[in-house]
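So, here come the structures, one by one.
In the two complexes below, subunit A is the common chain; its partner is subunit B in one and subunit C in the other.
On to the complex of A and B.
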């Protein structure tokens, strides 16, 4: 990278990040209505577009990785094939559904313009393809009654949704959500096996861990609490003071560490690729 | 908010000052670092791959810290010809990690060994990512797993699966809830901001070491603020008065 481009990038990072820092402190300290609020959405839209492009990059990576596995018949190639097929199906269903919806919405907007506008010919000339589509259904004159009927048809079509939408919804509801939940439910068994390993008395530290875990566990059990009501106090004290204090320490330290790295990036002190 | 502004300005000032002052900073030995190197050596000895996961970390300061650790592992992997797998869940992070890895292989003179597909995009969805990670672990039969970054509910799933395939595991997370899970499943864990210290130590870059010094100063400042706040609050509750007052014996009149 030439020096000029390097300086340009550094300056861009400094100005854009500096703008957001200024925006944050200005809106908090000086005024609730920021003077910069008009530019912020534009910048965020830009960031969203870049993220979208990166997402395409991720999908491409996924495709290449699994095509390689399938074409070379590497171990587990069949699963890669299933992944590729489901990816293509979901992607196609999503795109076709999007196009159908956009078309229907566009036609609806056009019909409402024809119905409400004083000069419908202006809109007919502006959108000849949409006009042609309606002429096929209603004839050359485009009578009002027919337009209202077509409008109702499209509204019904939008409400009903077609096959691509059904497919997209089916894939999400029947596969994606239950599989995610199945993975999450596995956590219970993993916790059981991990806690079996963790709660062993090896030294005084593991004894402290074992005792506090026991107090917290038993403090949640209604039967034990009925027998030893003092246990609830111990449990609450452990969670509210000891555990919460440690959580706060880790969080504060991590936030400060993150802040310093952010400042380093802002001031272009980062030399990751040099 | 004024306090936040003061801390921010102080951090900027200290960073710039240290950068120009060229002070030499020595960092104490961190016991986790030899274990990281041991994990890499173990993978070389077994001839099996290494997996490095940044979990759900998005493009941000934490990823920068994780990538410094990854770079050192990748450097050693490139020297020892070990296959390195880096599953990702965030596409912008994928691009950044790919770039960092490429620069490491180039600096080691092994750019022909660099495989862009070793950085694998799995899924943006948390549990789909976990499923993909387990698949990679089992298929590739990894020897060492490094888990650094931000993790949520999937942390234990990842770490326990690593344990099941017999991988040597080292972790580090800024999410305190998940640190407990890593403690019971991994050989060693970088607790919270220790991850930043590991990153600074492994990078050896003086700028990153200065970062650590500034973070320490700010942490000390926060500690002082917390202590003052605690004293003021305790004074308001009246506990301090009761605690510091010497009880005076009252004369009991006896008839």
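On to the complex of A and C.
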């Protein structure tokens, strides 16, 4: 990369990151509404849009990689095919739902416009059929209270039909949730097997670890606590004092490390992407 | 062979409470009791609260009991709830939790209306960005944009008095994701700006204790134990209420499963010791 472009990127990173640091301290020192309180939300919205684009790029990359595997019948091509079909099915369901939602939500969107727009007459003239439909329910004036009531009725009607996102909900409830729960449930069996085969206390440290785990687990076990109620207090003490103390140390260390890395990135000293 | 014996033993331990042959009393949980009392003392009728359901199917076994019981308590206290999530996997629960809880309460004569008593903002990406925007916003209802039906949240009756983050009486978050709670604590300035309550899985509860110590988390629910104890506390408070029997059964299965795993650890070590002594 040429030196000029390199300097341009470093300067951009410095200015943008510097703006947010400045805004953080400036907003907390100044009590009235500042110009940064108007700019920052827009910048943050831009950041959210860029994250969305990163998502799309990742999906495209996934798509291209797995199409290559399937077309060349590389090892594991069948699983790549399953992934691609799932991706296409979910995307299609999302698009179909979007179209259905737009149609079903048209009245709701129109009511929203009437309630929030500075010029509701513009929207009444643009959609005369929808206006006529509402006039029948609310009268010529279309009072706010009536519009809000009609809005709630439509929402209830949509919910009863299973909208919005009928197809997507079906895929989620029929596949995603049961498969996700089944996958996590398998972990219980792995843990059982590992606890018999691998968990050995060879020294005092591992013995201390086992005893702490015993106290914490048994302290919330109904069967054991019925016999030894003092375990609840001991468990709470262990979590509140011993565990909290250790986690504070770990957290502070991690945050200091993160701060140093952030400063290095801000000053373009981090060479990890070169 | 050994593997099958281990797996079969675990399966039997998990099934015993489900088929109804074993049942025991729910243990006491101090944190759940404090959480309950804090809601009793701090949440008043008409208060606007946010409930974040940041969990997916994998941790639903622990987070769903918490979410259901606390949501029911908030509705009974007359709070107006806005549901949202920063986890895309939470989509089924965002509509499932309010629907199931309102249906339950309808059987007791409490008729809750969408838009007036609750609303569902849906999934929002990039929690750090979103939370910062909310805190800076001069019109919070407008910043929330649309709900899951595409309606502007600012047009809903629930959002009439929602101008800034200070109008949010409390924020409840239920998650199984490590590191998610730090977004709320950092950007919402919990402890000063917003009263924050947290429900998490047993695995990540140690990282939440440090924030409870510094009062950045006011109330903490630990795993399925927290949910089940909360359910019991609700039944003591509201006499004619039906309990969530499925959560209780899940908890008892988990307890027996844990005892079995502890037994396996001790057995494995005992067998190794015997082997070493023989050698």
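Note that in this section the second predicted complex is superposed on the first by the 174 of 274 C-alpha atoms of A that agree within 3 Å, B and C clash if a C-alpha of one lies under 4 Å from a C-alpha of the other, contacts with A are read in each partner's own complex, and residues count from 1 in each chain.
Here is the rule we use: a contact is a pair of C-beta atoms (placed from the backbone, for glycine too) under 8 Å apart; a residue touches a chain by one contact, two chains touch by 3 or more.
All values derive from a computational prediction rather than experimental measurement.
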**Message:** Just checking: does A:72 make contact with subunit B only, subunit C only, both, or neither of them? Give me first, second, both or neither.
**Reply:** neither
**Request:** State whether A:64 touches subunit B only (first), subunit C only (second), both chains, or neither.
**Result:** first
**Message:** According to the stated criteria, A:136 is in contact with first (subunit B), second (subunit C), both, or neither; which is it?
**Reply:** neither
**Request:** Please work out whether A:225 is in contact with subunit B alone, subunit C alone, both, or neither, and reply first, second, both or neither.
**Result:** second
**Asked** Touching A:191 in the superposition: subunit B (first), subunit C (second), both, neither?
**Response** both
**Request:** Report for A:263: first if it touches subunit B alone, second if subunit C alone, otherwise both or neither.
**Result:** first
**Request:** Check whether A:205 is in contact with subunit B, with subunit C, with both or with neither, and answer first, second, both or neither.
**Result:** neither
**Prompt:** Regarding the shared-chain residue A:5, is it in contact with subunit B (first), subunit C (second), both, or neither?
**Reply:** neither
**Prompt:** Is the number of subunit A residues in contact higher for subunit B or for subunit C?
**Reply:** C
**Request:** Applying the touch criterion given at the start, work out whether A:251 contacts subunit B, subunit C, both or neither, answering first, second, both or neither.
**Result:** both
**Message:** I'd like to check the shared interface: which positions of subunit A are touched by both subunit B and subunit C across the two complexes?
**Reply:** 51, 176, 179-180, 183-184, 191, 193, 195, 197, 247, 251
**Request:** Enumerate the contact residues on subunit A facing subunit C in the complex.
**Result:** 27, 33, 37, 40-41, 44-45, 47-48, 51-52, 101, 105, 108-109, 111-112, 115-116, 148, 151-152, 154-156, 158-159, 163-165, 168-169, 172-173, 176-181, 183-184, 188-189, 191-193, 195-197, 199-201, 210, 214, 217-226, 229, 232, 236, 239-240, 243-244, 247-248, 251
**Fill in**
Touching subunit A in the complex, subunit B uses residues 1-2, 4-5, 8, 11-12, 15-16, 19, 60-62, 64-65, 67-68, 71, 88, 91-92, 94-95, 99-100, 103, 117, 119-122, 124-128, 130-131, 135, 139, 153-154, 156-157, 159-160, 174, 176-177, 179, 181, 183-185, 191-193, 195-196, 205, 207-208, 211-212, 214-215, 218-219, 222
**Request:** Name, in rising order, each residue of subunit A that touches subunit B in their complex.
**Result:** 21, 25, 28-29, 50-51, 54-59, 61-62, 64-65, 68, 75-76, 79, 176, 179-180, 183-184, 186-187, 190-191, 193-195, 197-198, 246-247, 249-254, 256-265, 267, 269-273
**Fill in**
Residue set of subunit C touching subunit A in the complex reads 2-3, 6-7, 9-10, 14, 24-31, 56-61, 89, 91-92, 95, 99, 113-116, 125-126, 129-130, 132-133, 136-138, 143, 148-152, 154-157, 202, 205-207, 209-210, 213, 222-223, 225, 251-252, 255-262, 264-265, 267-269, 272
